[in-house]
Amino acid sequence: MYDVVTFGEAMVRLSPPHFQRLEQTQSLDVHAGGAELNVATGVTRFGLKSAWVSKLPRNGLGYLVRDRAQQFGVDCSHIVWSNKGRAGLYFVEFGASPRASSVLYDRSHSAISMIQPGEVEWAKILTGSKHFHMSGITPALSASASETTVEALKAAKKAGCTVSYDLNYRKKLWSPAEAKKIQEPMMTDVDILITTEEDTNVVFGIKENDYEAVAERLARTFKFKIVVITLRDDLSVLKNNWTAIAYQDGKIIRDRKYEVEIVDRVGAGDSFTSGFLYAWVKEKDVQKGVQYGNAFAALKHTIPGDFNWSTLEEVEAQLKGAGSRISR
Amino acid sequence: MYDVVTFGEAMVRLSPPHFQRLEQTQSLDVHAGGAELNVATGVTRFGLKSAWVSKLPRNGLGYLVRDRAQQFGVDCSHIVWSNKGRAGLYFVEFGASPRASSVLYDRSHSAISMIQPGEVEWAKILTGSKHFHMSGITPALSASASETTVEALKAAKKAGCTVSYDLNYRKKLWSPAEAKKIQEPMMTDVDILITTEEDTNVVFGIKENDYEAVAERLARTFKFKIVVITLRDDLSVLKNNWTAIAYQDGKIIRDRKYEVEIVDRVGAGDSFTSGFLYAWVKEKDVQKGVQYGNAFAALKHTIPGDFNWSTLEEVEAQLKGAGSRISR
Amino acid sequence: MYDVVTFGEAMVRLSPPHFQRLEQTQSLDVHAGGAELNVATGVTRFGLKSAWVSKLPRNGLGYLVRDRAQQFGVDCSHIVWSNKGRAGLYFVEFGASPRASSVLYDRSHSAISMIQPGEVEWAKILTGSKHFHMSGITPALSASASETTVEALKAAKKAGCTVSYDLNYRKKLWSPAEAKKIQEPMMTDVDILITTEEDTNVVFGIKENDYEAVAERLARTFKFKIVVITLRDDLSVLKNNWTAIAYQDGKIIRDRKYEVEIVDRVGAGDSFTSGFLYAWVKEKDVQKGVQYGNAFAALKHTIPGDFNWSTLEEVEAQLKGAGSRISR
Amino acid sequence: MYDVVTFGEAMVRLSPPHFQRLEQTQSLDVHAGGAELNVATGVTRFGLKSAWVSKLPRNGLGYLVRDRAQQFGVDCSHIVWSNKGRAGLYFVEFGASPRASSVLYDRSHSAISMIQPGEVEWAKILTGSKHFHMSGITPALSASASETTVEALKAAKKAGCTVSYDLNYRKKLWSPAEAKKIQEPMMTDVDILITTEEDTNVVFGIKENDYEAVAERLARTFKFKIVVITLRDDLSVLKNNWTAIAYQDGKIIRDRKYEVEIVDRVGAGDSFTSGFLYAWVKEKDVQKGVQYGNAFAALKHTIPGDFNWSTLEEVEAQLKGAGSRISR
Amino acid sequence: MYDVVTFGEAMVRLSPPHFQRLEQTQSLDVHAGGAELNVATGVTRFGLKSAWVSKLPRNGLGYLVRDRAQQFGVDCSHIVWSNKGRAGLYFVEFGASPRASSVLYDRSHSAISMIQPGEVEWAKILTGSKHFHMSGITPALSASASETTVEALKAAKKAGCTVSYDLNYRKKLWSPAEAKKIQEPMMTDVDILITTEEDTNVVFGIKENDYEAVAERLARTFKFKIVVITLRDDLSVLKNNWTAIAYQDGKIIRDRKYEVEIVDRVGAGDSFTSGFLYAWVKEKDVQKGVQYGNAFAALKHTIPGDFNWSTLEEVEAQLKGAGSRISR
Amino acid sequence: MYDVVTFGEAMVRLSPPHFQRLEQTQSLDVHAGGAELNVATGVTRFGLKSAWVSKLPRNGLGYLVRDRAQQFGVDCSHIVWSNKGRAGLYFVEFGASPRASSVLYDRSHSAISMIQPGEVEWAKILTGSKHFHMSGITPALSASASETTVEALKAAKKAGCTVSYDLNYRKKLWSPAEAKKIQEPMMTDVDILITTEEDTNVVFGIKENDYEAVAERLARTFKFKIVVITLRDDLSVLKNNWTAIAYQDGKIIRDRKYEVEIVDRVGAGDSFTSGFLYAWVKEKDVQKGVQYGNAFAALKHTIPGDFNWSTLEEVEAQLKGAGSRISR
């Protein structure tokens, strides 16, 4: 059915224009975003067919999130609509050195935090689909969301999907101990783990001399087929370097580093995942996945909003060494 | 200390510009508003000294609400700051005939809904103050907010304040039966009731042939010194007539009707209360109160946001018959 | 497959904000719109499944049009993508009395004007679908677009779809004589004609004492199952009355008149068609169709853009007599 | 040389968007405007060649005013540039009933208030030109501006220009007594007086039973060739009626009344003058002048800013009875 | 009474968005600002109680300035309201290399330039207050403003306040000779001088090999308790380094350098003063003052407007080494 | 008559604000631009008198282009107005590293592409004028535009104008072979060639070891009086270095390099030409021309839109070493 199915929360994202603080602003830019939806929109830019599963309130804010997802061609017909619970919101303040950008979450009591096992017809959605993706945010939302996560991962494996999981630790949602206790058992259903050195340390207590060793140890510990470590170097608030490496079958796969001038860095990691999954789903090519993921992630930094409006052609132009000249 | 003290919730108000629907908008105009804060800001325009008591979360949204209140010179030093609970939000979609404007509330789990008796130093705030104002929204927020309302009303009477109460029934917060059960006992501490024919009927089950009879019966039933009934005639979504009457000591006090071209009608009732309280606090003059209240309410319809940026001079110019010509 | 399939051009619509003239503006609001796409988006608001068939250039403007359509859940997988031809544009200047709103078209040499019979897999799209809708704009675009129109109409009838046709005469695209010569033969494949008194006169030379007689004569002349005449009364540029009547089996079906305060009247006729088709496709109920169409069309006048963001619930609230009060 | 030369102040005009009050706004829309510049821009819309004479400070605000004038093709080469004095500013707050729109002037100490006789080469500019226009604002700016006004009027008559004068009384600039004392002697050089009943009464103390009698008495008293009285009926803040009459050779020339939905009424009188002067300069046709003036003035109400972006074609369409339908 | 009292002019600040030039812009962003008001708002962010003394015109622009000050909780009850004089304005054009940002002042004839000794009840305001702050802009406004400055400084010393003075030389307001002549005698009432190497040289003719020697010589010459020298390194228009040093009791107090990505550098110096005064007023701790001042100043560069919306928590996070990562 | 006459297309330029992609934007910023118009506006900033010759459609878009040109004082009276053909449009997406800015042209079927020899009165315009400027875009528009280019160049030489030509190769308009074939013969009428190393290679197949050798070989091959090579170093998308050199009489003329922080780089080359022509037309001083051109081009990068709003004073301040400090 689908090339990629994702499951998780998406929120209405509100951000003051032009570096203003929340306190001072008289208007807010409106986007939608959430790790798994970001990935669902991302893979459509490469021509994949995707579905996003979630639970949303039956009101203008819930519809807004759905519409923004549909705009990319993501299939939203499996969303569970609810008369209870809110649409999660999050507020982004964009900074410049020495003020880092910051996020204020207002996501408690969301409709999706009330999701229950059995509400989603996983078998129907996943049968015939190729890949299932989630992040560590969903099980952190509530106990029932955590149970539904387990349900979904099991269903994906049963349906023969490959499964990727972005560890994505959110300290405001749960403690490292909770994150470890709940996620460790889930890892048996995961083929591809995507994470950072820091999250690996916080959640699994795994620390090594370098990130390549971290990837290797993760793979060995949890029997992952592939481990991806994304690497961001914060030169300043408005200038970063970006790359990622992957570990597969005892080998480290590396790619070039991108210097990025930051317009909006939110969702860059999800863009990486999107590009990676494109190559994975199409060709099971991890080297290409890392390259497409990095290029797509680098481009994301230059586009407002969580979603990535770059095209496959633009990603491939990056791989061929697109320059900084204006393109006419 | 203060001429007027008010107690209640204020929310961050978000509205799509230029008649857009929530679903379609890419930006939201940001205001702050809430019945009792609207009144606190309103009376400052007449030169009164006011304080607004509330509970807000210690984050950018809570600060935003405080700052907007302070902008009018409202004393915000008695706000209770909390690390728990959200800032309430509400979304306004502006309509045109035949689409009425509509409000989507996202106020549950707010900091103020968690307020507890004893958190506010009522005696300190109210001693030496002249008037206390509340609305029927506050007790509807939660059981503890309702108890705090009782506490506040008692404290106000004890401090020798006159007390006004805007019935302001909100059907999404409680049932008519709850509203009646909880508010009826409170009415013994109220001197001035401000309401509409419709709310009187829904909450107290009082229905008469005309609104003047309603006012009289309310006054008799609850021993109010004054009952105000505000009267709005919805000619169309963008054109209304506005006036109000008062009942005092067996007499009906009437005023002219205002034809208003609507820019933003939210908060017009609170503007009425502000103008009314100005005359009440200054001179105990109900006739003048109705006139100042009506003029201030009529002007409110023409100003974006919940707050009323008109001046005393502009209100008095209305009373003298200001025309529609451009003023140079 | 689909409840409703439509075929035609959609353009990028650019309009200066706040009543500005094109000459003076420094920014343009961006929408997408086109008669048949407007209908495809409209029926999705009632829960119908729709597809829109068109031809678009493979660039940012073409993608923009597609994305806006997808946002409503319209299936865009049958769009023909082209490296030749432009995205049609149109510019709307909004007026106020005595300056009428006006449209400047820049649609020549569009990709869709180069569409050829055979480029669309009509059988695949229409088989299993219920209804096909077009307007008289498509055959006016070019000779090959006209031939493709004939092809589409034939395919629809063959697939067992009912067919509606909005006459929509555009004087800048062709002469009345051309419009008559090309469209008359097409009418044999049309079940439901939607038009105005004026267009009927211009294109078919049919003029009667009143619009009900026009509807009847049209039905008899062309053997239409149903003829709809939409009726707009321009009280001023910003205030109109709207209604429509239908003729079916010798009977005239009437509905109430809506007084509308105009925010954006473009697409109101297409909204009528959407509401009408909802009732038609679901229940073949023409009375209900006229009612749903009128309510949806009236609501459209209050929403910026060609598309109608009202919901089925809001349409039904109009039918039950929604008032002008703010809805909380 | 020029068809029309005008002389006077133009200011930078700043207005809060969407009905906001100055106190609350976080942005201001920027226009340029001033009675005589408005007329200079207006006549260019009819194809006339115009020059505007003024004095401006040599800074970004002065350049802004010049640029906006040049945008219409007004010749600005005779502006006197100064290192002393400010650019005048004025702030417009747009209202809705019952709040009238209002203007806050900040024009004192402007460069033009420091203009001196001898600074402008009137003979060079006016020789070969057809018409000279001014308003009663210029002599009110300062004593030296008043002397320069006399100088200019004399030069115009000497050069054989016809002269029009818009009385335009500004109570914040001078008293009625001053206005009378200074302007009465100037009237001998004026051919066409444009005014309102009210200004005539305030400045010249002329009051009659109706405006037609006022026009006649003005013409007789001051030997004007033509007297124009503009007539505005303020139905509400957002809805007015507009027309004007002229008196010439003992006859009253009348025209239809325009119902206008107001977007921005500032400059409507100057638009009238522009349309009137077009017919005057081209054909000395007062009937046509009143008609073109009224249509152009009516259209002005619908366009943001002081300037009128309507075209000759649009004016003539009004005279032929343009409707309220959208023009495609 | 107050922790900090400041006295000086604040203006309405108007700036074209997104790097536009004044000449080209169609809108202006509206802020309020002025050295002493900036400081009064700044110290409130640290929890201090402040009052700002000034003179403003009784109109929408004067109210706007007051409201913006009140928004921060600054006590504005001592402002002198006037029917004469304007609100000062200033226009900021934001640049990028090689075009520096620039300011166009339009502040002459302001209400505060007409302030007279005796108009402010200094004793009432300053008695019981801890600190008084001014800048060298106020005495430069007019002779009477200069006299009022002397009056204020004397009153502050008499009331037992410590006094800080930011030299802030403005070459458009007076010559170096005037600045020296008028300010030298004032220095006897100043405890803390805040300045730059350049201003010290221009005003007092003091030049040394390095800024530390300048600080020392200033302290010795004028018997200042503390001398602060702020140090800005303009790497480019959009990238600066910022730090400051202080001289106290023969010792130089230094702090780290901040690399700042500039959003809006106006008011950074006043932010420094605010942070410095927080530590001074609270603890007389100069080392901490320099650190808090530098962090607050560095953060100011990233926030639009003259005012600094950072919080005490954010300042302290900088001192602990906040990174450039997004904060979730 | 004119100091500088230019001939070519100008388009309406539409760009999404704040780094958005076309697909995602809901508004477009509106500018006008085109190589030769950019030069015509540029030279007016230096006080030269310029005329721009073109062909535009008689509609709001055509008027918009004219008005924007007139705003700078460019004489537009020689524009040929047409009822056929469109206004060319182009869309600019602004990028940040690693996404380069990009342009989407929608210029086919423009009015100017239909221009015919004989439509412009070249003799009338050029007689008495000093300089004529064109770019290689105009002959690329169509065969008839190419013929008109030849006509114009011949007329310029006949009128005694010096002639400059910016090679400006546009690969979407023609092939290198066509560009060579059509332009080589034109070069005999050109005095000053302005180009880049890259365009020289593509069009004329001239490649040397360095750009100075390229300049020399061009001059020798085509007998140009002067050859200018502009040099841009793309450090990143938002940071470039800019300079240019000239070859005259066997000598290379060099200038400093400018580091620019990019706001909008479109039109920088045309700004160079404007500054260069200022010195050329005034003093035939090539060294000064390169300096003024470079400074004006560098400043252009910091200003939104194709046009350059810098002043002669600002250019000269750059030559004197203007710093990065805010200018007060």
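Chains: A, B, C, D, E and F, in written order; residue numbering restarts at 1 for each.
Everything below uses one rule, namely that contacts are C-beta pairs under 8 Å (C-beta built on N, C-alpha and C of every residue); 3 or more make two chains touch, one makes a residue touch a chain.
This one's a predicted model, so the numbers in the text were calculated from it and none came from an experiment.
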{"item": "When chain A is superposed on chain B by its C-alpha atoms, the rotation angle in degrees, nearest 5", "value": "180"}
{"item": "Residue-number overlap at the chain A/chain F interface, same or different (half cut)", "value": "different"}
{"item": "Rounded Å distance between chain B and chain F, as computed from the means of their C-alpha atoms", "value": "61"}
{"item": "Chain centre separation in whole Å, for chain F relative to chain C (CA means)", "value": "44"}
{"item": "Approximate Å spacing (C-alpha centroids) for the pair chain A, chain C", "value": "39"}
{"item": "Multi-partner residues of chain E (at least 2 other chains)", "value": "17-18, 21, 23-24, 26, 67"}
{"item": "Touching residues on chain F, where the partner in the complex is chain C", "value": "14, 17, 21-30, 59-61, 63-64, 67, 86-87, 89, 91, 93, 104, 106, 108-109"}
{"item": "In the complex with chain E, residue positions of chain F that touch it", "value": "17-18, 258-264, 295, 298-299, 301-305, 307, 309-310, 314, 318, 322-328"}
{"item": "In the complex with chain D, residue positions of chain C that touch it", "value": "18-21, 23-24, 95-103, 105, 170-172, 232, 234-238, 240, 265-266"}
{"item": "Residues on chain C engaged by chain A in the complex (per definition of touch)", "value": "67-68, 70-73, 76"}
